[in-house]
Amino acid sequence: MFHLQTLVNGVVLGALYACLAVGFSLVWGVLNVINMLHGSLIILGGYLTFFAWHSFGVNPIIALPGVALVLYIIGYLTQFLVINRIVNQPVLTTLTLTFGLDLILYNFMTVYYTATPVRVTLDLGVVDFGGVVMPIDRLLGMVLALVLTGILYLVMRSSRLGRAIVAVRMDRTAAKLMGIRVHRIYAITYGIGALMAGAAGAVFAMVYPVTTNLTGAFLGKAFVVCVIGGLGSVLGALVGGLVLGVIESFAGQFFGPQHALTVGFLLMLVLLVVKPTGLTGIKGFE
Amino acid sequence: MPQSLRYVLFAAWVLALASTPLWAENYVVRLAIVIAMYTALTLSWNFIGGFAGYPSFSTAAFFGLGCYAGALPQNAGVPMVLAWALATLFVGMFAALLGIIILRLRGHYFAIASFALVEVVRLVISSWGNLTGGGDGLNVPLVSGGPSVVAQTFLGVMIAIMLIVFAVTILVDRSRLGFGLSCIQQNEDAADMVGVDTTRYKVYAYTLSAMFCGTVGAAYASWTGYIDPSDSFSIIMTVKVPVMCLLGGAGTVLGPVVGAAAFLLLEEFFWANFLEYNRAILGAIIVVLIFFLPGGLLRISYSDLLSRTVRRSTQPGATP
Amino acid sequence: MSASILELENVSKHFGGIRAVSSVSVDLREGEIVVITGVHPASAGRIRFLGADVTRQRPFQAARRGLARTFQIVQPFPRMSVLENVAAGALFGGAHASVSDAMEAAREQLDFTGLTAFADRAASALTLAGRKRVELAKSLAMKPKILMLDEVNAGLNSSEIDGALTLIRRVSERGVTILIIEHLMKVVLSLAQRVLVLHHGELIAEGKPSDIVDDPRVIEAYLGEKFARRFKETASHG
């Protein structure tokens, strides 16, 4: 019983992690860019959702598509105007650039929103399933996270856009030769990455308090999920997220909550050395 | 610019820093200490990131380890300078052992692993409360003397460390190791083919990049008298240092010196004048740097720039 | 029984997808030029140099034991000058003690390969033929016991190939043992002192160039059974 609760907690957490990381994984796998803005974009989504709810009374689930759209536009423009210019440069350059952009975004968010934690509180009660207890809002969060991830999966699998993105991920030169406008795909992919980050943030805001202090933590989680699960695919993010969620849950149970994070990072380090392409074995770039 | 002139300018800069207690207020002396400190860190990073071309983000891990590796012996009664030497040794060995494993990775994966190192080490230190004081931090025996004496002492210390790393940089730059690292940076497989033991050289570079961070960390702990995990293992530091090196010119000898100085002076200026938006401005500097100065300040051909400006203004019909 | 200096374990496909593994051992005498032909570049398998498996080891270990290889795809150090590129060979493979010694030795090699005029140019700025010359100079600077040239003429035009051949002959005159993997007949016939012809992974002929040209198995392999029969008939009739 005891362990079942831990497992369920882990799965719920894992679904959130998967949704949180999938945009990051896509950008890294397809553009070969480590998007340091990802954490801030999540928080931005969370803040926008909160303020829609708090100031205008908009139900967060209804606000979600709007927030996602806003973030898509921000992402698309950022890629198109800025990142596209250096997208083929080595790691250090792209990482530093996105870090610089992140500093700007972070600063503006802190000034505009302050660092006070905010949360959309939906008092939905708790569900008890044979001894396993789960607050309904968290359950809702998990469902939403899975739905969003699922929608992205379908888009990647069955739409022309999705196939184009996968083609660019596998071989950008070949994709170019086939008439795919790679730079536009880059912008769209980054836009999708930002969209998913924002959506994840919106979901998160329904379940936990969000604050700009969490940007680093979210970014870190995204890294770990990508390394565990594999880059550039929705499946990888899903696997990675669930594995991380469950491991953190159990590590927290057995070693104490403060060690839950360490275990995650240690696992990531070990995997990096042993199998950098992650559990699903999908390769990013070197 | 001829080499000798560059070294003269460097010497002048060191003198300027060292002499601050004589002509400036405490705040400036403190800034000088920080500049010397970061210059040492940036010169260190240059070995692995500049010479070898491996984008390491481990600076904070080594610095932080150095803080604790220096503080703990001191608390056990070991004399200060000896504690610093021990910290250097410890961090160096740690990096060598770790390097053998993670230097197998390249590009993004190496960058991530080096980043993760910072977090893992921080979390381990935080959790090992009995030894390290955990989240509450650790007190370090203070150096006796009033604030200005302490400041002057540590200014001297940081400058000394900076000079040592600078000297090592020059030695490496002219040596077989430096040549080999350059080969590795430009084409690692070709370097292998030509007879370079790439693993060994990379480990040397990584170790060099780490050990002096340990020294700086240990000295820093003695200077401030108190360290804690979040302060010692700062993500901002671990990203700032490579940026400083890029700004000045990674892989050059003086690049790290110029880059650290320029960055910190700019940062100080913006902190003082635009407190609220100082991070955004820092971010903007970084973005501008990446776009316009891909090789760093030292690799711009100034004569080229000058001739282009002159030519433009003497062309017929050009707007004045 | 002494181990051969160089052993090539060749893995190649027959039509029909059957893999055949055969081992060709090459005993190289000092200073000779041996050409191996009939090998599809992609199918060259394991290489054993002085008993140790070179393809399993790290390349630098073979380099230090005296095996220098050049490849079809040239890999210079792009931002270094031609002189520095060659000095790299002298410093690491050739085990010179200091950077300045290596630079001296490099100048000699540049002189030998006719690249002195390009000493300070960036290696990546040269034409393909020039870059291949730099590779050769770099390999020579490593003071190799055996120089293995793998399809060096890929991408070169006729006159560039002639230039390369002259240079290779001069290298041989210096006493370097050279093993060439090549499919261009012109190169094989004009350069080799000894030729090994492989066909589908098997050694079908070995000997002087003039001998293998008349070898019926070689003719059959290169020109087909029908032609070989007609050739034999014409030869015996006339």
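Remarks
The letters A, B and C name the chains in turn, as written, and every chain counts its residues from 1.
FYI, a contact is a pair of C-beta atoms (placed from the backbone, for glycine too) under 8 Å apart; a residue touches a chain by one contact, two chains touch by 3 or more.
Just so we're clear, the structure is a prediction, and the values are computed from it rather than from any experiment.
Using CA-based centroids throughout, the chain positioned farthest away from subunit C is A. Of all chains displayed, B has the C-alpha centre closest to the centre of the whole protein C-alpha set. Centre to centre, using the average C-alpha position, subunit B and subunit C are separated by 46 Å. In this assembly, the C-alpha centroid of subunit A lies 32 Å from the C-alpha centroid of subunit B.
Once the centre of each chain is set as its mean CA position, subunit A and subunit C turn out to be 52 Å apart.
Residues 174-176, 179-180, 182-183, 186-187, 189-199 of subunit B are the ones that touch subunit C when the two sit in their complex. Here subunit C touches subunit B in the complex through residues 58-60, 63-64, 69, 75-80, 87-89, 91-95, 98-99, 102, 138, 142, going by the rule given at the top. Across the complex, subunit A is touched by residues 49, 55, 101-102, 104-109, 111-113, 115-117, 119-120, 123-124, 126-127, 235, 239, 242-243, 246, 276-280, 282-287, 289-291, 294 of subunit B. By the touch rule above, subunit A contacts subunit B in their complex via residues 28, 32, 34, 82, 85-86, 89-93, 95-97, 99-104, 106-108, 110-111, 216, 220, 223, 227, 258-259, 261-262, 265-266, 268-269, 272-273, 276, 284-286.
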